[in-house]
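Each of the next two complexes has chain A plus one more chain, namely chain B in the first and chain C in the second.
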Partner chain A sequence: MEKNMLEIRHLSASFFTQKGEVKAVNDVCIEVPKGKIVGIVGESGCGKSMTVRACMGLLKYPGRVVGGEAWLDGKEILSLPEKEKCAIRGDEIAMVFQDPMTSLNPVVRVGKQVTEALRLHRNMPAAEARREAVAMFEAVGIPEAKKRLSSYPHQLSGGLRQRVMIAMAMICHPKVLIADEPTTALDVTVEAQILRLMKKLCSDGTSVLIISHNLGVIAQLCDYVYVMYAGRIVEQADTFTLFEEPLHPYTRGLLSSVSSLRRGGDKLDTIPGVVPNLLHLPAGCSFSLRCERCEEKCRECLPDLMDVGDGHKVRCHFAGRGEKA
Partner chain B sequence: MKQNIIKRLLQAVFVLLGVALLIFIMLRIVPGNPIATMMGEHADPATIERMTAEFGLDQPAIVQFARYLSGAVRGDFGTSYSLGRPVAALMRQAFGNTLKLAFLAALFAWILGITCGIIAAVKKNGLLDRLFMGLSLLGVSMPVFMVAMLLQYVFAFHLHWLPISGVDGLKSFILPAIALGWNSAGSVSRLVRSTLIEILQEDYIDTARAKGNRQMGVLLRHALRNAMLPVVTMMAIQISSLLSGAVITETIFSINGIGQLAVQAINGRDIPLLQGTALFSTAIVIIGNLLADCLYSVLDPRIRKEA
Partner chain C sequence: MSDHVLLEAVNLSKEFPLSRGKRVHAVSDVSLKVYEGETLGIVGESGCGKSTLGRLLIRLLSPTGGRLWFRGEEVTSFSDQAFSKYRRQLQLIFQDPYASLDPRMTARDIIAEPLNAYHVCPTKKATTERVLELMEAVGVPGEFLYRYPHQFSGGQRQRIGIARAIAIDPALIVCDEPVSALDVSVQNQILNLLRDLQKERGMAYLFISHDLSVVRHISDRVAVMFLGTICEIGPAKDIFEAPQHPYTRFLLDAIPQPDPRRRDEEVPLLKGEIPSPVNLPEGCLFHTRCPYATEKCRRERPVLRSEAGREVACHYRVGATLPQKNSAPEHV
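This part shows the complex of A and B:
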């Protein structure tokens, strides 16, 4: 087993609003082994972004980490003072955001934005930083790399901008790259290019944690997948196992809604019911409100994340008995 | 970029011409002979006629306008009826004072307003934010003359720190500049605060932080430049309100400036003086807007034309 470059341990994070505590991330554990691509999948609002933002120390007010740890290459980073967090961000751990149209500073040339991390962390002279940036632009497949350095974001297409974002994140060769829905805002052909790029980066030794609500993206890219629901991990397994042998009713629901699309059937399989309110989570299983197999104990008692073998873990009362829920 | 500036310059010339014509027409529409007004009730008709001819007021309007324009281009705005001296000379003297006053007021207003706005935005809902926003509310709601008299009372009359009025060195401009800039400082600080708070929520601020920027770096390299865009627009507008405020301030503090000249001109129906001062103010506003446009396109690449 490879060593973990990023290890999130029992992370909990909440928004403290006037109505009360919104428990957006609840006891989440995620491991990203060296050189692997790990995915987090789940519906919008289930706390994916919040999980990775907490690791980066980029939670938006009034969000706060309420417990847990994040270990980056053997070092706990959540408890570091802000100054040291700044020293790590962009250097050892970097992030690509969802919307490349709004994630670049509109009034600063992209070359300057890309080389900024080098100047911050490496104290690199401008000329050298530019050379690095050109090399990185070429690596992420930006044509006319040198010329592009002096472009402004509005002069680039969405796909190019996301490549710029990736180049920017990769410029210091971070140990871990976090990508929060890096292709959601892009059209399908561009998406495929970006995914290929991410795969290539990973083969160069970077460990990647990628978020998506798109199972297709996860299937293409990831070695290992975490399924998140209402702030909790409900299932985790290597990609093959997860798609072949999903155990949690929610995972099965997700998969069947995708396959019903692929079958081209006229009826779309959806998971009935609504996501629970994160302000008032049910006492038992979060998915109990929507689950067909829901029983008394599901409503009353939260199931553990049980290991059913080979690192396949499921948070369901019915999964451990070897039966398929 | 260069083409753009040339275009704007040409536009400015046309605006100036238009304003000159407008002022000219408005002054002639007002009924009554200005010479008669100037000489008083008991002047004899022959003298009035002679003076009217001397000032060229008996000529057709077109001729008067052409003379006025060709003079203005050469820097000759005619002779003031009420003061009997060339308008250009009068304005040259007053120009320095008004410029000093307006410049100091703008400096005071913008430096103070921007600094307080930034601090208030960064410390949102904190003690300083509340203090500054309270003060700025006072700033935007107190009329110039009130601030002026308050300052005079406290700092000149009571504390004797600064002269109460008149022009005697740079220190006599301090109170007038604060009085004049007070309003603008208030509105600038409020705008800076609200814009900056909004900008700090933008996605690219997250990107900047994810790169490892500390708070100062985020502010200086990423947030401020974006936040300044609407502020520059407001500053351009404030130039004209500073000029109109200068009229009041100069009067209260007895500063011999363009504003005081304008008041004199209006009271005395002094057409050449009025034309000169009005044209001067227009020119300042136009230049201010031109500078703001240039600054804006330096700050925001999106409005620059593709090379």
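This part shows the complex of A and C:
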């Protein structure tokens, strides 16, 4: 078993709003082994982004971590004072965001933005940092790297901007790279280029935690997958097991939604109903309102995340019975 | 679906002026027909002119070139007032169901607006009854009649947008990315609804989307757009199973497959990105990204040529000769 570079343990985070506590992340445990790509998949509002933002210490008011730990290469980082968190962020752990236009500074040349981390964390002289940046730009496939350093973000296309974001995150060679929907804002031909780039980075030894709602991206990229629903992990397994033997009814619903769309035919498979309001979660299983197999037990008590073998875990009362989709 | 042409465009173009005499060539020389009761899908990457084309076809924008017929009558130079008799035949469903519903109107008023505009129902009571029928047709419970948009979920909001569009029985609905803002599980509910409504009411859809699997599922015919032009148009099945334009091929191959067993297939990737629609390249618009481009492609712009029910704008129909990723997984 490879060592875990990032280990999130029983993390809970909430938004404290006027209407009450919104439990956006609820008792989430995630492990990212060294050199692997781990994916979190789920629909909007399921808490995927909240989870990684919480562990980066990037939650904004009224959001707050209410419990849990995050271990980065054997060091607990959630309890660190802000100053020490700053020293880690961008150095040992880095993040790529969904929309490169809103996360790059529009009035600063990208070269300065990319070298900032080196200057800050490594105290590197400007000339040397520039050389590093050029090398990194070339590694992520930015043509005319030297010239591009003096471009402003608006002068670059969407695909190039996302490459700049990835270069910026990778420049200090972080132990863990977190990518929050890195290709969602991109067109499909550019998305394919970025996915190939991320695969290459990972083969160089970086551990990656990637968030996506796109099952295609997850299937192509990840070694291990966590499925989130209404703030909780409902299923986790290695990618092949998850796509071939999904056990949680929500995972099955998601997969059959996608596959029936590709298969064609008259009626598409759907999951009935909508995602529950996080302010008023049902007492038992949070999927019970939309689940076809829901029974009395499901409405009353929350199932545990049960291990059904080989690291495949499912949060469903019926998972142990071994029925397959 | 019938053989009657509902809408026909010939060499339709739209340019938007920029400063210093520059122009954005949003749509260039597009010719197509929409038949009564069919679904014509339009796919392409962002900025390829899909939405502009959709708006041109229902005259929300006036073209800078080309001609447009509606049920056999040329409407290109009609004034807005003269066109208004056709206006009720044409409706629109938008991408963002939140931005396209007035936040200060109730569901009842939103759906009743087209009914009132065309004086469909004689009394207020009759209007409300009609709204209730429409809400039932799109699967929104009648007790939500007086709710506001923010009280609905994304899927329900899109249903209300659909109810508004079908309220006056249009002949064509332009669906501009109607499911892109929705989650997968909800997206399929809306696609099923659109298909059921078409079966019941027989209107045509112009279905604009960047998501190829969605377009494949819902469309009878598909047009693939690149840089404001159509590069390939034909029956959905043919386009997806045997694409002939190289761009269509690359587009299809680039979709990440939700099947981990297919991850090691090394597919050829398109280099670079879409050229700017301000300075269009000489010759074939696709030649800057096309690995098969020849001297002829750099010089001469190919036009849509019809062959076996399919129109393709490529000198060589390269796509047809490439190895098939989907049908021949053993190729290395």
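As a convention for this text, the second predicted complex is superposed on the first by the 322 of 325 C-alpha atoms of A that agree within 3 Å, B and C clash if a C-alpha of one lies under 4 Å from a C-alpha of the other, contacts with A are read in each partner's own complex, and residues count from 1 in each chain.
The definition used in the following text is that a contact is a pair of C-beta atoms (placed from the backbone, for glycine too) under 8 Å apart; a residue touches a chain by one contact, two chains touch by 3 or more.
Values in this document were obtained by computation on a predicted structure and should not be read as measured data.
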Partners on chain A (chain B, chain C) - clash or fit: fit
First (chain B), second (chain C), both or neither touched by A:86: first
Contacts of A:274 with chain B and chain C, given as first, second, both or neither: second
Touched partner set for A:192, first chain B, second chain C, both or neither: second
Partner with the higher number of touched chain A residues, chain C or chain B: C
Chain B versus chain C as contact partner of A:121, first or second or both or neither: first
Partner chain(s) touched by A:157 [first = chain B, second = chain C, both, neither]: second
Touching partner for A:16 - first (chain B), second (chain C), both, neither: neither
Chain B and chain C, minimum CA distance [Å, superposed model]: 12
Residues on chain C engaged by chain A in the complex (per definition of touch): 45-46, 153, 155-156, 183-189, 191-192, 195, 210, 212-214, 216-217, 250-251, 253-263, 267, 269-270, 273-274
Touch list for chain A against partner chain C, complex: 43-44, 157-160, 187-193, 195-196, 213-221, 239-240, 243, 253-255, 257-262, 264, 266-271, 274-275
Sites on chain A touched by chain B in the complex: 56, 58, 60, 82-83, 86-91, 94-95, 97, 99, 102-109, 113, 116-117, 120-121, 152, 154-155, 165, 168-169
Of chain B, residues touching chain A in the complex: 201-204, 206-214, 217, 221-222, 225-226, 299-302, 306
